[in-house]
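Both complexes shown next keep subunit A, but they swap its partner, so subunit B is in the first and subunit C is in the second.
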Partner chain A sequence: MSATPKPAAPGNFTILYFATATSFTGKNVESLPAPLSLRKLGDVLEERYKGIREGVLGHSLVTINLAYVDVPEEGEDDVIIQEGDEVAIIPPVSSG
Partner chain B sequence: MQHNSNNEHHSNSAATNGEQNGSSLQLTDEEFDRYSRQMIVPGMGKDAQLRLINSKVLIIGAGGLGCPAAQYIAGAGIGTIGIIDGDVVEPSNLHRQVGHATSRIGMKKVDSLITHLRDLNPLPTYVPYTYPISRENAADIITLYDLVLDCTDNPATRYLISDVCVLLCKPLVSAASVQKSGQLIVLNCPPTPQGKMDRKYPPCYRCCFRKPPPANTQLSCGEAGIMGPVVGLMGVAQAGEAIKILASALHLPQSSSDTTTEDDPHNLIQPTLLIYSYDLNAAPGPYTFRALKMASRKKNCFACGENSPQTLTLEGIKSGNPNYIQFCGLQTPKATLPAQDRITASAYHAARESGQLQNHILLDTREKEHFSFGSIDGAVNVPFGKLLMKAATIKRDGGDAQEILPLKSAEDPIFVVCRRGLDSQEAVEKLKELGVDHGGKRKIVDIIGGMRAWKDEVDPSFPFI
Partner chain C sequence: MTTQDQVNPPPPEGESSISLPGIYVSLTDFPLDILSIMDKVRSPEAGAIVTFAGTTRNNFASKPVTSLTYTSYRPLALQTLSFIASSLLTKHALKGIAIVHRLGTVPIGEESILIAAAWLAGEEALEECKEKVEVWKREEFKDGGVWRANRDGHQGAEVKEGSKGE
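Take a look at the complex of A and B:
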């Protein structure tokens, strides 16, 4: 059994959900078709999980391949999620 | 085994009341005995231990994070330990707040924790603050310390602490935990004056989390629950980072000033956000621990970016600018239902008892875990999140409200109850939006105050969580 995460199927990227993103989607991880513009990621997720933009994405960090990325605004250079990438949605946890 | 015990060093039992903390040059015999096992770890040593003894750490929060963090901070011999928290020890704390005790229920948490810590290690100076941190007192307290641990439980306080640490140039170790998740990050280390952007600098909390979660998603440990080991692990890791920073002087300007802006040998300029995800149904897997590299200080950060000296000042914070409560959405009250769409718990109970409500539907929107501990007789459980998702799907794709809950007739009234009377109001609105009330022919109301009110007004023995 491999200890490393399973790579996404060809033509897909992996998306990981943490904290409230897990409760919202009911999943820890799933595969989505690549390539995908990072700006469009919100639309794709909202299609699948209505309300996720306002309930989760709006205040969450996004990382690609273990590094933080800014979601580009209009006019800024877009970031393209490639096949095999690992995207993570991280809502801040505030309690303790 | 040799150790320094010559007569020149100013040790004696004064070490126990902390008079020499802050300027120790030699270890006392007792310190040597206590800290020997950590001092012999490669990378530690006598000088590192003395740095710990001469350091002052502030622990904000004496709860799930603060208790384990404080235990290891105290055990390691950090010389001055301030602890601030206004709360009192309750039984529901004790599954995770391991610095307290059954015998100290009712005591101020700070006093309870310090009692425990003094017995663990009497050598540090313990400074209690038995009131909450606030915008009025934060700067005056934080300024006295070398490093801050954020062990608090709400976003408004986290932003306040981070802002003050930026302004006062204090490194901040921030951890958080709820339900089955934990997060940890080292911020503003080494601390850099506000506004400096000539190269890459460590980020603050706002650089990483620009916006707080919406107020209605901010769940406390009391609402969402928390597993002891999850928050415990983060608290201990937090102490570990604080000890490391102080022992290795990572918070002081690094001597290698000729490094290029791409060098980050200590993972400080682009710190790692450590995420712990605990699965009640599976042993650790590849996603259990995840380490995500954050960005460095952001140019447009409100607190520490290019123009921040204009937007954030100590005087401003003290006088309410920024308004942290408002920023975190805690002030805007959710639109409440009109009075005719609501009923008190006692009135509902009376109507049931008198036989007036023969065929009604009682919808309980709490999570199934809460529902499983107890519910009003005959209640149907549809958790709020599920109700919202189904309502959205019905609205988008057409479909029957029967998918949310089975409705035998078109007239039987629906009563909605949730935990505290907030979600139930939104549920009533959603059901009406879907036409379940048939233009007003069917009564749909919610119970004011939810199951909390049921416990207060009708059944004091009800197991309310």
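Take a look at the complex of A and C:
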């Protein structure tokens, strides 16, 4: 397997950005405070990168520790992003 | 997906691969070699090796592309590639299947993806890769660059909100 970014500092999780998410944030990776409700992730990112919800998140998927997760709607069970987790924003892919 | 910008891709990481019985998948920063991927699936029992080579194009909807760069979420892309390979191996009773995708800057006209199967499945493998594997293509034009999305089709038309999770 390839090298992944070094683990986040204590009390943080790692978030990876790809393609349009990289372009929007100007970053490939950063650390954010954990724990964090997955439902709140969009709010946290929108606060840091105004317009990212509509520009990127609206058509992206999310993974936690290499597994795709559904962002819960109101009333659905939430997922908590834990310290040390690796979260990624996955825009529509274009391999081939 | 027409954001135009100047973000540098992450640095090269060389080559990473997963090998399982009958399966070889790889992401590499180096030029692809059709013979070496054929050797990954070569089987005296199969009787045929089908290969597919996808090459980079010099235009997108007639607009000249000056260069082209692929970036990837490598561990997840390798996992997805091996799932695709594994399901095709079973579905088509293959003796072996190998899928290799090149990353980084790929000169126009060179191979970006090679698929080899000991029997038939190349085209289907490509279509599934294009739909699912976590690799992103960036085309550079004289007036800027564009991140492509395969599902957008022509010109990278803007994806509507609420279409997540298709």
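What to note about this one:
By our rule, the second predicted complex is superposed on the first by the 88 of 96 C-alpha atoms of A that agree within 3 Å, B and C clash if a C-alpha of one lies under 4 Å from a C-alpha of the other, contacts with A are read in each partner's own complex, and residues count from 1 in each chain.
Operating definition for what follows: a residue touches a chain if its C-beta (ideal position, glycine included) is under 8 Å from a C-beta of that chain, and two chains touch if they have at least 3 such contacts.
Since this is a predicted model, take the numbers as computed values, not measurements.
Of the two partner chains, both subunit B and subunit C are touched by A:T20. In the superposed model, A:G51 makes contact with subunit B only, not with subunit C. Residues 3-4, 16, 18-20, 22-24, 28, 54-55, 58-59, 61, 63, 66, 70, 88, 90-96 of subunit A lie at the contact with subunit B in one complex and at the contact with subunit C in the other. Those residues of subunit C that touch subunit A in the complex are listed here as 1, 3, 5, 7, 10, 13, 16, 18, 27, 54, 70-79, 101, 112-113, 126, 129-138, 147-152, 159-165. Against subunit A, the residues of subunit B that register as touching in their complex are 61, 63-66, 151-155, 158, 175-179, 181-183, 208-214, 217-221, 224, 226, 231, 234-235, 270, 273, 275, 277, 279, 286-287, 290-295, 385, 388-389, 392-393, 396. Touching subunit B in their complex are the following residues of subunit A: 3-5, 16, 18-20, 22-24, 28-29, 49-51, 54-56, 58-59, 61, 63, 66-68, 70, 88, 90-96. Subunit A makes touch with subunit C in their complex at residues 1-4, 16, 18-20, 22-24, 26, 28, 54-55, 57-61, 63, 66, 70-71, 88, 90-96.
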